[in-house]
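Shared between the two complexes below is chain A, which has chain B as its partner in the first and chain C in the second.
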Partner chain A sequence: MAVYNLYVFDKYGVMLFYNEWNRLKKSGMTQEEEAKLMYGMLYSIKSFVGKMSPIDLRDGFLYYKTNKYALHYLETPSGLKFVISTDTASINVKELLQQFYAKVWVEFVVRDPLWVPGTPVTSDLCKQKIDEFIKQSPIYGIKNI
Partner chain B sequence: MIIYGVYIVSKSGGLIFNHDHNIPRIENEKTFSYPIDLVLDYDPKKVSVVFGQKDGINVGHVLVSINGIMANGGTLEDGRDVKAVIEDANNYPLNLKFSRPRMTTNEKIFLASMFYPLFAIASQLSPEPKSSGIEVLEADTFTLHCFQTLTGVKFMVIAEPHQTGLDILLRRIYELYSDYVLKNPFYSLEMPIRCELFDNKLQALLEQVEKGTTALIEK
Partner chain C sequence: MSRQTTRFDAKKVNSELLTLTYGSFVTQMLRDYENVDDVNKQLERIGYNMGMRLIEDFLARTSATRCLEMRETADKIQNAFRMYLNVQPTIANWSAAGDEFSLIFDNNPLTDFVELPQDLTNLRYSAILCGCIRGALEMVQLEVQCWFVQDQLKGDNNTEIRVKFIRRLEDAIPAGED
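Up next, the complex of A and B:
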């Protein structure tokens, strides 16, 4: 059980997409509140990393790990934020997120004429493609003992 | 292995110790002709670059000096206004020196207490039960390792990216802390650490680590 959940935020902090797989613990708040907390944390980490860095940043924050999970982060120049929680053994998640952006997000969300930018994704086709993409990814099946 | 700094945060979130180690000084000097091709932000406290990075002068860098005269925020040492000097075509060519801003002590205290809620939220947002807070945080230019003791004191080490073995270093720093800080009769808990012996031992440990002798266990 390797991938726990995936968030997509736009540059204003609106949650465009959320899905979870095998999540074992609920945070005890509504999804809306949780998304705000998550975005707030990422925003703070971004500013923390910018000030803490001894030299000039290029990509900025990449991921953090706790003893139970890892949270990987990808931000596009346009401010879209992709956040994925996995187990701590997963590697190359950044490349996976980049592929997710290029192959799924651009193809099925940005090119969907019925999607209004800045609103959550509602298309069933898109949701199904995202689910397929994550389930086929190499990190989905890793069993962490 | 390059270590950039060591921070110790008390259980209430205050910075009680900080040691900077080998932070590279990034400075760039360049002669400009009128009009300058950088977009500057004139703040009373600092003049910084907001757009147009080139020749190593990046966005976020602050102005250090003009023609060798130091700038104190928005004014020069000789009393002239930075904005007036830069916008006057008669002063050109101008030699401007920019550097990446260094953290002041106040900023360090602020950042250390900022890490405290991040640590707590990371544990609360965990998809798995019983998760700890952030242990490793990685950016493209540095990695931060954090070790929280059972009593809630946090030890943080900032080093170059993709470093391993920092958890052993953190435990060694914890040992030094217990030996030289907690056993110091003049030290009161939760207060900033000013113990010379601890500073010396830490310095020696960091030098030993940097030489690559990862056999840190030797004391």
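Up next, the complex of A and C:
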């Protein structure tokens, strides 16, 4: 199984959504601490990449990869941050995140009148749609050796 | 449930339906508040809240990037009006510093079939549009001021919204350990 977990942060670093699929190794922290650490790391990478870049950036930080997994990052101009961990064989994850934003996030979170901006997502319909979207995505089933 | 069957492509709505819905909404507010200034304030606030959400829809559809210049911003606002209200405002009257411009509308779909009664000349009927622009731009780190200069409802030739750049907001830094 190839999609491990998904985080969504807003521009203030509040974790709006988290879910995991087939995550084998736990970090040993509470989810809250983990989210803080994750956001801090992303923030640092973003500013690091911005400062170290020898030419002007357009998209900035895109993803990083270890020998076991890859972490893909998409930031919208409104500051929403979508972070997904997959195996290293997955391709086109950026497009997937873009679609996730357009088809799931805007449709079921932003348009949900009961969702207060800047708070975690609690709607069951939305959670179910996110789960469906990830499970139907082409990279969900990839087995990596 | 209708929500579940919503498809991604934009649904077309008859603009008259929107016009009349908005009209009854403003009427109800006037009845509730009995004070025109309060209604103006509320319309602006509601617009702001709409803009904050609408920007996400706009960004997802157009995959626009952050604006580096006000001229780019003006183009995108113009584009957004075409997408959401099917009107194309003209961009004009740039200030010398390039931080202020006007959106000029030949017709405003919100005000079809609308006449302002004599005692409501202070009402900014379409104030929701100003709020919307302000809310949407604030989400992409641009603080602007937005107001009506001319309004066809008040006998002017065109409807003109003025947008003035105030400052660029800073990206938030993560909360420190406490």
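In this section, the second predicted complex is superposed on the first by the 145 of 145 C-alpha atoms of A that agree within 3 Å, B and C clash if a C-alpha of one lies under 4 Å from a C-alpha of the other, contacts with A are read in each partner's own complex, and residues count from 1 in each chain.
Rule of thumb we're sticking to: a contact is a pair of C-beta atoms (placed from the backbone, for glycine too) under 8 Å apart; a residue touches a chain by one contact, two chains touch by 3 or more.
For clarity, every value in this text was computed on a predicted model and none was experimentally measured.
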Requested in this report: Answer with first, second, both or neither: which of chain B and chain C does A:R58 touch in the superposed model?
Outcome: both
Query raised in the report: Counting only touches as set out at the top, which of chain B and chain C does A:Y69 meet: first, second, both, neither?
Result: first
Report task. Using the touch definition from the top, say if A:S85 reaches chain B (first), chain C (second), both or neither. Result -> first
Query raised in the report: Between chain B (first) and chain C (second), which does A:A102 come into contact with in this model arrangement: first, second, both, or neither?
Result: second
Query raised in the report: A:Y4 contacts which: chain B (first), chain C (second), both, neither?
Result: first
Query - Partner contacting more residues of chain A (chain B vs chain C) - result: B
Query raised in the report: In the superposed view, which residues of chain A touch chain B and also chain C?
Result: 40, 58
**Report entry** Touching residues (chain side chain A, partner chain B) in the complex
**Finding:** 4-5, 20, 23-25, 27, 34, 37-38, 40-41, 44-45, 48-69, 71, 85
Report task. Going by the contact rule at the top, pick out the chain B residues touching chain A in the complex. Result -> 4-5, 23-24, 26, 58, 60, 100, 103, 107, 111, 114-115, 117-118, 121-142, 144, 158
Report task. State the interface residues of chain A toward chain C in the complex, per the touch definition above. Result -> 11-13, 36, 39-40, 43, 58, 76-80, 98, 101-103, 105-108, 110-111, 117, 125
Query - chain C to chain A touching residues, read off their complex - result: 3-4, 6, 8, 52-53, 55-57, 59-61, 63-66, 139-141, 171-175
